[in-house]
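By letter and in written order, the chains are A, B, C, D, E, F, G and H; residue numbering begins at 1 in each of them.
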Amino acid sequence: MTETVIDWERETRTGVAEAMLCEGKSAAQIAAILGDCGGRRLFLTRLGPEVRSSLPATIQDALDYDELSRTAVFGPAIAAARAGAGIVCAGTSDLQVAREAARTMAFHGYAAPIIADVGVAGLWRLMRRLDEVRGFSVLIAVAGMEGALFSVLAGLVEAPIIAVPRAVGYGVGADGHAALTTALATCTPGVVTVNIDNGFGAACAAIKILRASQRTPLADDAD
Amino acid sequence: MTETVIDWERETRTGVAEAMLCEGKSAAQIAAILGDCGGRRLFLTRLGPEVRSSLPATIQDALDYDELSRTAVFGPAIAAARAGAGIVCAGTSDLQVAREAARTMAFHGYAAPIIADVGVAGLWRLMRRLDEVRGFSVLIAVAGMEGALFSVLAGLVEAPIIAVPRAVGYGVGADGHAALTTALATCTPGVVTVNIDNGFGAACAAIKILRASQRTPLADDAD
Amino acid sequence: MTETVIDWERETRTGVAEAMLCEGKSAAQIAAILGDCGGRRLFLTRLGPEVRSSLPATIQDALDYDELSRTAVFGPAIAAARAGAGIVCAGTSDLQVAREAARTMAFHGYAAPIIADVGVAGLWRLMRRLDEVRGFSVLIAVAGMEGALFSVLAGLVEAPIIAVPRAVGYGVGADGHAALTTALATCTPGVVTVNIDNGFGAACAAIKILRASQRTPLADDAD
Amino acid sequence: MTETVIDWERETRTGVAEAMLCEGKSAAQIAAILGDCGGRRLFLTRLGPEVRSSLPATIQDALDYDELSRTAVFGPAIAAARAGAGIVCAGTSDLQVAREAARTMAFHGYAAPIIADVGVAGLWRLMRRLDEVRGFSVLIAVAGMEGALFSVLAGLVEAPIIAVPRAVGYGVGADGHAALTTALATCTPGVVTVNIDNGFGAACAAIKILRASQRTPLADDAD
Amino acid sequence: MTETVIDWERETRTGVAEAMLCEGKSAAQIAAILGDCGGRRLFLTRLGPEVRSSLPATIQDALDYDELSRTAVFGPAIAAARAGAGIVCAGTSDLQVAREAARTMAFHGYAAPIIADVGVAGLWRLMRRLDEVRGFSVLIAVAGMEGALFSVLAGLVEAPIIAVPRAVGYGVGADGHAALTTALATCTPGVVTVNIDNGFGAACAAIKILRASQRTPLADDAD
Amino acid sequence: MTETVIDWERETRTGVAEAMLCEGKSAAQIAAILGDCGGRRLFLTRLGPEVRSSLPATIQDALDYDELSRTAVFGPAIAAARAGAGIVCAGTSDLQVAREAARTMAFHGYAAPIIADVGVAGLWRLMRRLDEVRGFSVLIAVAGMEGALFSVLAGLVEAPIIAVPRAVGYGVGADGHAALTTALATCTPGVVTVNIDNGFGAACAAIKILRASQRTPLADDAD
Amino acid sequence: MTETVIDWERETRTGVAEAMLCEGKSAAQIAAILGDCGGRRLFLTRLGPEVRSSLPATIQDALDYDELSRTAVFGPAIAAARAGAGIVCAGTSDLQVAREAARTMAFHGYAAPIIADVGVAGLWRLMRRLDEVRGFSVLIAVAGMEGALFSVLAGLVEAPIIAVPRAVGYGVGADGHAALTTALATCTPGVVTVNIDNGFGAACAAIKILRASQRTPLADDAD
Amino acid sequence: MTETVIDWERETRTGVAEAMLCEGKSAAQIAAILGDCGGRRLFLTRLGPEVRSSLPATIQDALDYDELSRTAVFGPAIAAARAGAGIVCAGTSDLQVAREAARTMAFHGYAAPIIADVGVAGLWRLMRRLDEVRGFSVLIAVAGMEGALFSVLAGLVEAPIIAVPRAVGYGVGADGHAALTTALATCTPGVVTVNIDNGFGAACAAIKILRASQRTPLADDAD
């Protein structure tokens, strides 16, 4: 038994399910919450390997764990049958957050491919994959350091861009604020942002956007 | 003649047209740019009343100007025939930015109604309009001070929330950072944010989202 | 013997007793101070488990230690016979600070129940416990991330709200400043705040408020 | 008619009435809101003299305006019959915020005397009035620059201290953050704080505290 | 006579002449300093039009003043006979700082053309002028808002990039820190930066670089 | 041999000897520098116990090490024969920095007693030692959290106060900025400050002040 | 009559007289305070020319006003008979704060000459006046922008350096924080600092230091 | 195989080769990237000793590793035959970043000598090596704490100064921002800066500058 009250109705109400942020919770608290799930599926974020290995073995077995993204799925997997967001990364160290986003989408049944290492220092890397990138109706862009990718990308595509600034770099870039302010002060309209390193939140917003498209009454004069 | 190079192809490329940010430009610069438009429509943001009244009379006449939002449309209006975002405001002083968003959407042909004064200090104001709010497939939420509306709203609706933090308040809330950090650190997934007071950018993102819904291949198993 | 000078008269002078902040003190310093207490009771905050286990065994035995809140009572317990503040928590990781507040109140003889996990992402969790929450004459609210609970709660109850922002979250929310600025810039009057993670200080203020009610001359025309 | 929705039920629900923050509203908006009041009383804060003199004459006549505090009462005054908070000021330039607090209390029927110019640079000024200060069950302390008064005062009295940091001073003290961090990081427990220059909020919290004392069940063993 | 001591030897010692920063000086102080010049040339920065028009008429006549850049040359002009830096601007409101840089170079005898309005929101604007941009051995890049131009440009050219972040924009971009952190945290090596809006300093650094090339012993195996 | 160049002439030139800041240097670098001293005395600051125990045994033996202050004297001790500054501490965790200051003074031949635990939460602790404190011609005050001691002390004594803000506390007080801004924005003139935790620098300034008194020509009309 | 309580005993208690900070006070408040002086002398700081010219004529006549430093002496002047601090300035725009310091010292009877325009960009300007600078037993150094003068000066002289960072410059230097952090993080021991632009406070500290030298028991073995 | 896309064309396009930032990458990721190099040379920065020792032995053997600077060269060394930048250091703890810069230059074939420990606290240390310093056509200056060296150096030499602020010191200097703001707000024109601790970036900029000198058309009237 636990004092935690999972908001099981959230998926019905908002389109995305409540997830458990494991950072700041003990293994005992996590185990208690999972023990109260009663057969329902739950997504876990920021589950460090050391906390995970302190969980009871039966619970560890019940988790589909991914160490790079520190995420886990409790309960059965479902097919990622719907077309999800495209996830664009500036560099190799952005992959862990990109994967958090991709796994969040998969938990909700969306396939979200990652287009890696297309940072603007070598613009040709983005340009040669532009057709692929333009195929998505929503894009999540993950970038640290100065985050210039957000602005460049938004000027090239029709899809809305959900920026995920990364706490990658050093000096003024170390904590992710340089990339965050780029996403906010961008000269290219059509960029929105979530918190630093919040791949989970970006995926939730992308899911809401994709779901919106199925609820939108078709406009008469849309091009 | 002007050195400014309007990116006329932007609407085709990205779905939203380039606009002119008038803040930081002189009346002479603005007039020169408009003189180069050659019959094309252009949207103007942050056009202060004093700068506007310094423009040549013929240009003033050609502008559909709105003082509250400091926006203007150069060129013919088009019908706002498509269903746009719902724009939710916490308080009266958020209206000017809400209107900037609404006018941006109208310029692109979208109708975007404003639901005013539903701040969380009196929660019943939001609750009694919840059905109306739930009717939109995208929501823009405008709030200053601490911006708690973003989190509460996102927990109640299916639509993605585009937060616009407002530089309204005093002390730690005066510059909009308290509302901005609420949008970023929100406990409710599904909130994305744009820069402080950036109603224009929020509308551009909403338009991209609405357009995405018309390009999205219908998923086979969507609920 | 120690150079530390405990302010034993503080409880008489101000209504709350001096406590020992253990963070930044060595086990030797803590032991020396406790050795000088001469039979008087003392409350200890931020006593980490590793420092505690470095204390002499006789002192460890004399401490009523609570690991979650890292607090200890030195000397005999007293009955929590008076009605204290209600302590409202947004999430599971707020419990450790909530418990610091509850144990501070208990040390002074006040019972302070914790209402856990009523964060605003699922507003129904707060609403279903509203009657209970409205029964307290003072409320301590503990919340991290963006701290929207402070504003929502204050709009629903008569009691003054003492906010305790929590250093819980990541990115712009990691150090507690997002929750702190929410408490300060709140649109709902009647919220006051203490320092980030300062459950002890919130409880001291609540005790002063509760004591004030016993000293207040009854107003003639109070409703 | 106005889009503003005054939360008339707030006083019943929370003990303090909604007030109108005039900063950021035009004279036209303020007049419209007052025109919708229908005989009910309303308190106005941050009403600058220039905006006030732009209001219609009939409305100006209906306002009890105080220029120092930039507050106004719309509707009939009521007697300040109940004992309110004591308001302690560090210096002369703190008077305008102290007055905002006092006028807020008076609007709600509480008398709140101001004890001026007792800053700690000359400690004797506070000491000679200590008996008077100790007579209040709640204290509001207003101080700019470094705000050391908050800590000193809290160590000398039984009443809870509501700190109001002031944006008074220059350099690192100019925007009120030095005084605010003093209130938050104080070494003396029992201090709570509101936003910089928020005399209104401090008074609302004080009223909630005073009302609590009339609702509190008397504890059996109170000293 | 004035207490100011112009460092006339600076040009010989460091390659760039001392200039007078007029901001923070009164018209009287400026006139006194110019009166002491004794026929020597002096460059003036940040000379606002109102201060300039308060100068004695004889001094106004002796100044070659440019209002857009707020710079003036005191004394005879010299031919801009040497090839200077290329100055690349993101937008129209960057022109005033670009001009400060160009006029600083002209004062020292260097011609520095401005390539305007090549911001990355419409990447084609930069691409169509890339050959021209690649012709310079040193580039000064002026950009406000998020400053993504710095990173993109540095990835495309051989020349070193001297970034000049601009205090242009609003919200988190208003004071130039978003563009500054982009220049510092850039993912593209070869960018260096000067202070926000410091077109003068960027030009001085460019002059030093250009002069270095005339002093550098030719390397034996340079490609 | 080392690339480090000790500024041995500094004591003659400025009155205080160069010291070695050990933080950021390896044991090997420290040993090399000490090996180059050639019989001269050197003071070491911020020498952590683990680095110290990595030094060669002969060097460890040659050091008079104090673990609390992390300082060491290399070379012979000299008598602390001159009257130095009084060092006043707010709390127990300020002792380590107070000791750094006292040991710096002792290295230069000055005796500097520590008056501990006189924080303003219990003002009587300072008051009962006021005569003692007033006996010093220079005072160093060490305080963390909000640092209110600086302002109170300066209002009570003739001596100049050198404030040393301490990185002690949590939340907004954790990094010492709250205490630092108190020292800077103090309402009591006569306070000067050094960097956070810089007991060494405070002692150096105190030594310069004490030396100044021996160089000052006696004023004719001094009171 | 006024509520302000001048701390007339401060000079006896601390060696420096209370002064009136006029910023944030109305002309009426200033006049009332001066009217209560009863023949005693008072020093006024930050008295802007427009407030001054709103004072009653009799009071204006009674003031010895200096517009550059915005200071005034109320009451008779006294001879500046004692040797005061040397005041060293980096540039012309530092003169106003240097003069505030010099006038504060003069009010207390100390002569404090200003050594102007010796900034480190042209080091020879400082070097040629080094003998003069070395003649003072206390130095006040006033510098804006990056404040490098503080570190260089302290490495060259025996006197303690009281740094006054100036809010002079633009970009990251505009508000004086760059110069302030230089004073705090200086690599040269013996620098202490006061708040940005606080020439008054620097002079008060210098006076306390100079007075200390007359109270210091002569050490037996001073060099 | 790895998803990382090395930008091998960067050296041709921009004059400096892409390098691998190892911080934030796992040993497995680094090994995979090196395995994809196909005989090409690669420079590695921020390769901590613990990550390095987790690399496969064959890769460790193929690396020329330098622990002080945490850099490695993968592939054959080339002769440092060209004259590179002079690297000037304020203190001993700046050597690790100076070495990162020197090794970056060496990788590209430039010899870059280090002039160590010439901080401004003892100005003679810089002065006695001034002729040597003046011999370079480009200078990299590395300094932590307050970074005053940048301003002093730039006033004495003809070469452009690339400042590298160091995260060395404590309190306000600990994170390198004090040195960074000195580089930006410097009173001496001709200083440009890179990010805190970015020795690699400074070297890349220096290489671009040196290469520019070989591409610059000789000006007709250069002195």
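What we mean here is this: a residue touches a chain if its C-beta (ideal position, glycine included) is under 8 Å from a C-beta of that chain, and two chains touch if they have at least 3 such contacts.
Since the structure is predicted, the reported quantities are computational estimates derived from the model, not experimental observations.
Taken together, subunit G and subunit H share the touching chains E, F.
Matched by residue number, over half of the contacts between the chains of G-H recur in the interface of B-C, chosen from C-D, B-C or A-B.
Greatest Cα centroid separation from subunit B: this falls to F. Remark: among chain pairs B-E and A-E, A-E carries the greater number of C-beta contacts.
Computed centre separation for the pair subunit C/subunit E is 56 angstrom, with centres defined by C-alpha atoms. Centre to centre, using the average C-alpha position, subunit F and subunit H are separated by 35 Å. Look at where the CA atoms of subunit C average out and do the same for subunit G: the two points lie 44 Å apart. Multi-chain contact residues of subunit G, defined as those touching 2 or more other chains: 10, 91, 121-122, 154-156, 169, 171-173, 180, 184-186, 188-189, 195-196. In this structure, the chains touch in the following pairs: A-B, A-C, A-E, A-H, B-C, B-D, B-E, C-D, C-F, D-F, D-G, E-G, E-H, F-G, F-H, G-H.
Residue ranges on subunit E touching subunit G, taken from their complex, read 2-5, 7, 9-10, 18, 21, 23-25, 29, 33, 46, 165, 167, 176, 180, 195-198.
Those residues of subunit D that touch subunit C in the complex are listed here as 10, 13-16, 19, 81-83, 109, 137-138, 154-160, 162, 180, 184-186, 188-196, 200-202, 204-205, 208-222. Remark: subunit A residues 91-93, 95, 114, 116-118, 121-122, 124-125, 168-173 touch subunit H in the complex.
Interface of subunit D with subunit F (complex): residues 90-91, 119-123, 145-148, 150-152, 154-156, 169, 171-173, 177-179, 181-188.
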